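What follows is a pair of complexes built around chain A, which joins chain B in one and chain C in the other.
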Partner chain A sequence: MQRTEVLIIGGGITGAGIARDLACRGAELVLVEASDFSNGATGRCHGMLHSGARYAVNDPISATECAAENTILKRIANFCIEDTGGIFVSLKNDDLDYADRFLSSCKKTGVAAKEITVEEALKKEPMLSKEIVRAFEVPDASVDPFLLTLGNIESAREANAIALNYHSVREFEINEGVIDKVIVENLRNGSVEIFKPEIVVNASGAWANKIASLANLSIEMTLDKGSMVVINGRLTNGLINRLRKPSSGDIIVPSYSSSIIGTTSIRVDSPNENKATEEEVDFLIRETAMMIPDIAISRAVRAYAGIRPLCGSDRSCGREISRTFQLIDHSEQGIENFISVIGGKLTTYRLMAERVSDLVASKLGLSGSCKTAIDPLLSVNREDIHARIASSIANRVVRKSLLFANDVIQRCTEELRGMEVVCSCEEVLRGELSYWCNHQDVKELSDLMRRTRVGMGYCQGGLCIFGLLSTMIDHSDRDPMELLVRFIIERERGVEPVLFRGQLKEEFFKEHLINGVYHLDAYSRGEYEKDLER
Partner chain B sequence: MRKILNVETDILIIGHGAAGLFSGAVLSSFGKQVMIVGEGATSTSLSTGNIIFQRDFDGNVEKRKDREITISEALMPYVFREHLDTEFINAEIRAMTAFLLPRLNNCGLVLNGSINRNQVLLTNTGFPYSCTFAQMFASKGDLTNLSEKDIALLGLLGYKDFDPDLAALLISKIMNMKNVSAYWTQISEFRRRYGMHPTEVAHLTHNDGFQEQLANAIKDIDCDAIGIPPIFSLLDYQLRMTELEKRTGREIFEVVTPLSLPGLRFHEALRLAARKEGCRLSEGLKASSLRIIGRRAESAILKGKFMDTEVKFGCLMICTGGLLGGGLIANGNKIADSFDIFQVEKMPNFTYSNTKYGVHSLIQMIANYGLKADSSMHLYLKTGERLENVLGAGSVLEGCSFPAGLGLGGALLTAWISTKNALEVLDQ
Partner chain C sequence: MNVALRTSDCIKCSACNTVCPVVSIDGISGFSGPRNLVVDLPRFFAGRMISSQEIFKCTTCWKCEEVCPSSLPLPDSILRLREMMFNEKNLVEGHKRIVENIDRYGRSIEPQLGERMVYVKHEAEILYFPGCISEMRVTSIFDATVQLLEKADVKFGIPANWVCCGAPLEKIGDLNRLESLREMNLMRFGRFDEIITSCPGCTTQFFRHYDRDPLHTIEVLWEATRKNRLKFKPPRNSIRVALHHPCHIKRTIGPQIIDQAYDLLQSIPKVKIVELEDPDKCCGGGGGVVAGFPDLALKLATSKMMDACRSGADILLAPCPFCVLNLRRVDIGRVEEFITFINVYAEREA
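Here is the complex of A and B:
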């Protein structure tokens, strides 16, 4: 049994943000995550750092929050943010009054929006449709949600927090209105660990109700699925937004070597219904192609969906619900030391974390104040690294390596095959993979993917998968075929809805490799799939 | 107005993959005038070079690993459904192999062993039981006796496609062979970071320094049999391997790696065979339209870079394959639309979203689309009419496309049977 002051449930961006904030205030804490960090809605979002403009007209609270956080995050987390800027565009048949309301609302909410001429817009974004009639510049940016989450986790660990992935909460032991013990299963080896926290924070996003139900509570919330499609190639320089009342298929975000288009809004009943459908893909391509016509002829590489945990449970459409967040102190419902947090956005995670931490700190009687808006998330001495390795490699590796840049570079330069490029789509070095394979958090091949971007490129793991596997087995005793099948099944979920035109051909070739050379036919896969279900 | 060149031939074959080249070789050997046209890469060259004759009707590769399967149990592509006479099919397979093998031998390839699957061949990380005889083309010979020897797998740093550690681990796991060990060596000319392209490597193999480095590395290994990645090109493959064996005194064999594309070697061998038989091979021409009078096709217009060619023929064979050619239809989109005058069989009530299959099974299902033909391989027009002198062969036919159909096995077998019918058509 382990005593701790705070137990945080959920390793998404909210949980990670709270962990960092509280740890920096000096709280003793443990964070548990049932899967890998950022594997829920955090890792399945658009990767958009909102300027607030999208919500300015209809959801001013969210807009104000986003505008303030946008500036803060660009300052404290620049390692994972690409400050691309964004443009809102009105098309010919759009409601033109909306554009004026948009501009005045932006002023009121503190969003820095500025109208530019159509010519200027086309100069900035040559791929834009010639049909646009008005354009506004905003400080939107593209953010890597995986790195942002891991950055918060590592920052928290630096302040002595304990963060555990693959630890699933099984049970609460409640004694006279207080959660006395939390029983957690370690999914790596099936062992059971017991924590005795003073306060439990439920930051499990879409799973918040499931966790609350362990304490016989229920939270009023709505689960809303948003799907996105990854388009091959970077078609825009910055973010492109459709200037209209927020609806589906409005946004194009450039991210690494691809463009991500989205989103949809569909009410779902369970957090596990996170699969994008073919209809959604068709819809998104059709809608966004009105802004960037080339999307219609580009290859759709992958589709994915995240579940937004929205506040409230009224039966209106998901788009109508405010994107702000809600803090629930369950002491009113009879559990003294239990707090839940739902809603919010990736952009406002820090603010949410600050509010939660304020509440927790007041309950614990901690005196430290919040420093997350001032202190940069990670501080690495880059000069030392640049002296040891070519800067083109160093920039890319250091950006991804959080606090470990020195160790990662050491692996790359000292290991026999450390400088080999394993994944040529994302230029991932074998040394990087080798470092992360030995990291305590990594269990599956897809964990490596979140940390290094291996297999996320336009071949979707088709060619690098064997190099990835061969690195992994150097450092692990696991059955390589099982690892391979798990990875392929995970990648396939996202490829299935985009199985047409270019990607279909691509998958045919992969089929040759995987089914032909490796003989992973339906039968042997079936055997593993059965194992996975168990 | 583009210039049009007029050509006349007995047989025009569209498609230069396994089915096209093999049909061309067979027909030429009967003294017919054959013209083969094709464009771009073929599925054959991208394939694993596996020639499999045993697949069931669901498109699954034979399910039981432990059982030896004889040809008499072989299952045929969809087009043979009407005469499911295994005796007939077996006889055809034997006749076909008898024709094919000597011609491939002439191209510098050796086949050892009979056509059954119960043979052991070490491949990189592949399941050895799945490797049938075509993969042996890529290697030296019969490796059945390897299980008693000490085997070493030698990786070359920079040749990223072959990782002996992973291969040795999987082979020991899957085949229960404990006698496989892994070694690495560095060839000084090899670029390490981005790796070497196979053609660059093949080019380097002519270099004396390279051969010496490789031979020295092999001599350092204390094992009888040593597997190296497929680095030699088709043309001097045998020579180099023999030389290496002489220098080192070891038994050397090649392993098949994921991207070494053993299919490319097979494709090259077939191409040389077709050329030797006297086929006229025009690569870079794309068929654009057909002139059909009544129930006979008279000529085809082929588009080239600078001028078009109109080819008059007695018989037309369409061998454009399922992957890159005109046969594949998926989600209602035709990938290439050269042949949309032909009838395409569609699967009833087929949608992706409500299926429980993964992507790869889905592809298997999609691949079932193809041109409609009867058991004599004659193609049908969209209007439902059967064309007298247009035949299909290979994966372009319904149900033959890899992986739902038979892959190379199906392509060769349908081509073999198609050529017989083509000869009949010409005699009429």
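Here is the complex of A and C:
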């Protein structure tokens, strides 16, 4: 049994942000995450660092929060943000009055929006449709949610926090209105670990109600699925937004070597219903192609979906519920040391974390103050890295390697074949993989993906799978076939809704390759899958 | 359409990299290969491209496109990127020279022999466009072509004041200069629609950028032998020859010309044809590589000449002035230009 001041449930951006904040204030804490960090809504979001503009007209509180956090994050977390800027465009038949309201609302809420001429917009974004009639520039940016979360986790660890992935909360032991013990299953080996925390913070996003139910409480919330499609290639320099009342298929986010289009909004019953459908893919391509026509002829590589936990259950449409967050102190419902936080956005995670930490700190009587708006998330030591490795690669590797750039580069330059490109879609080096294979957090091949982007490109693990698997089994005693099958299942889930044109051909080819190399035909694969289920 | 979009149907089979002659010589670290350059990298940039000299190492042999199961326009995309990257101030030494020569002489190379005379003997029905190399470097091509066309009774003329077709400019990405050369040439071609060329580079250029359908000399000669206007006498001693299949004939103008070249060789008595192991392997002479990366071009040519020696041929025949120039830089083996060789044995049919 392990005592701790704070136990945080959930290793998405919210949990990670709280962990960093509280650890820096000197709290003793443990964070547990059932899967890998950022594998919930966080890693399945659109990756947009909002400027607030999208919410200016209908949700002014969110808008103001986003505007402030946008500036802060660009300062403290620039390693995972591409400050590309964004443009809002109205098309011919869009409500043009909305554009005027938009500009004045931006002014009121503190969002820096500026009208530019159609010619200027086309010059900035040559791929834009010639049909646009008005355009506004805003400071939107593209953010890597995996890196942002891992950055917070590592920063918390630097301040002595314990963060454990593959640890799932199973049960609470409640004693006279206090959560006395939290029973956690270690999914790496099936063992049970017991924590005795003074305060429990429920940051489990879409699962918040499920966690609350362990304390016989319920949280009123609705689940709203949003899907996105990864389009091969960067079609735009910055983000493109449709200027209209927020609806589906409004946004294009350039991210690494792709453009991500989204999103939809569909009510669902369970956080596990996070699969994008072919209909959603069709819809999103049609809708966003009105802004960037080339999307219609581009290759859709993958589709994925995340679940938004929205506070309240009264209203019918997911988009009308405020995107600002809700902080619940369950002492009012009879559990003294239990706090839940739900809703919000990736963009405002830091602010949410600050509010939660304030509450926790006052309960614990901590005196340290919040410094997350000032201290850079990671103090990466870039010294002589650039001298040791070709600079274009160095930039990318350093960006992805959080605090470990020096060690990662060392692997790349000193290991046999460390500089070999294993994943050419995303330019991932064998040395990077080899570093992360030895990291305590990495269990599955997809954990390597979230840390290095291996397998995220247009072949979706088609070619890198061989190098990826061989590197992993050099450093792990896991059954390679099990690793392989798990990875393939995960990748296929996202490919299924886009099986047409390029991706269809790709999948046929991969089927042959993987069957040929690993003798993994449909039958033997089915057997493995059955084994995994058991 | 941007490059990333044109090549987005890649399935990553790597067939292109496997057959790329430059990858085979320079390794993936020296030349990261067609897939990386025109499929993978352009995805990271919206309508822009990083500057890298590497892209100028491609010989435009078109081999990658031939094997690509998705038939992606790979060499074309490489040329497109060169065009986007073109910056007169950043050219490598050899490419700078091409541009200077064109500006000064209207030729891609510096004149060495003084300009050849304008040759119009008959009431011309068709134009012969000699091209820079045949006119001033491998001059035997010019002489042989003129003699052969005469023997075959072709009523041809050479346009006065022609300028370089622009093929080298396309290869270094200078499409503005190419355009002005094109206009000058078209003006000088006047009423003539039909053009004969003795250089696959010119031939390719005319159909890619001039919207013409030019004939290669081999096609004209083949036609003439079929119509019994030409016949061949045997050499004194029998000769073993091997035929190099130039990339720009085999994969851009059309493989039928290679067949025609074999037909012509077969009709010369006592000429024995031996096969090269990999007859359409690139000799390194194209794509501006001889000018830009002479060492790389030499290595490719050496590999070709080794093949020729292994085949047991006395002479390696190459129907392309660029190939001949580059192959002759190698110290081993003997290279002859194809038309020049044919001309020695061709006679007017009585």
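The rule is short, and it goes like this: the second predicted complex is superposed on the first by the 531 of 534 C-alpha atoms of A that agree within 3 Å, B and C clash if a C-alpha of one lies under 4 Å from a C-alpha of the other, contacts with A are read in each partner's own complex, and residues count from 1 in each chain.
Here is the rule we go by: contacts are C-beta pairs under 8 Å (C-beta built on N, C-alpha and C of every residue); 3 or more make two chains touch, one makes a residue touch a chain.
Here the structure is a predicted model, which means the values were calculated and not measured.
**Student:** Give one of first, second, both or neither to describe whether A:217 is in contact with chain B, with chain C, with both, or with none.
**Tutor:** Neither chain B nor chain C is touched by A:217.
**Student:** For A:481, is the partner it touches chain B (first), chain C (second), both, or none of the two (neither)?
**Tutor:** first
**Student:** Which partner reaches more residues of chain A, chain B or chain C?
**Tutor:** Higher number of touched chain A residues: B.
**Student:** Looking at the overlay, what does A:424 touch: chain B (first), chain C (second), both, or neither?
**Tutor:** A:424: touches chain B and chain C.
**Student:** Once the shared chain is lined up, is A:463 touching chain B (first), chain C (second), both, or neither of them?
**Tutor:** Both partners, chain B and chain C.
**Student:** Of the partners chain B and chain C, which touch A:256 in the superposed model: first, second, both, neither?
**Tutor:** In the superposition, A:256 touches chain C alone.
**Student:** Figure out whether A:509 sits in contact with chain B (first) or chain C (second), or with both, or with neither.
**Tutor:** Once the two structures are laid over each other on A, A:509 reaches both partners.
**Student:** Would you sort A:416 into first (chain B), second (chain C), both or neither based on which partner it touches?
**Tutor:** first
**Student:** Should A:234 be classified as contacting the first partner (chain B), the second (chain C), both, or neither?
**Tutor:** After superposing on A, A:234 lies in contact with chain C but is clear of chain B.
**Student:** Overlap the chain B and chain C contact sets on chain A and report the shared residues.
**Tutor:** Touching chain B in the first complex and chain C in the second, residues 424, 463, 501, 505, 509 of chain A appear in both lists.
**Student:** Once bound in the complex, which stretches of chain C touch chain A?
**Tutor:** 1-2, 4-5, 8-14, 35-36, 40, 42-47, 50, 70
**Student:** Residues of chain A touching chain B in their complex?
**Tutor:** Going by the criterion above, the answer is residues 277-279, 416-417, 419-422, 424, 463, 466-467, 469-470, 473-474, 479-481, 488-489, 492, 495-497, 499-501, 504-505, 507-523, 525.
**Student:** Please output the residues of chain A touching chain C within their complex, sorted ascending.
**Tutor:** So the residues of chain A touching chain C come out as 125-127, 232-237, 254, 256-258, 294, 297-299, 392, 424-425, 427, 457-459, 462-463, 501-502, 505-506, 509.
**Student:** For a test of understanding, state which residues of chain B touch chain A in their complex under the given definition.
**Tutor:** Residues 43, 46-48, 50, 60-61, 63, 123-127, 129-130, 157, 160, 163, 165-166, 169-170, 173, 184, 192-195, 256, 258-259, 323-324, 330-331, 333, 335, 352-353, 357-364, 366-367, 402-403, 407 of chain B touch chain A in their complex.
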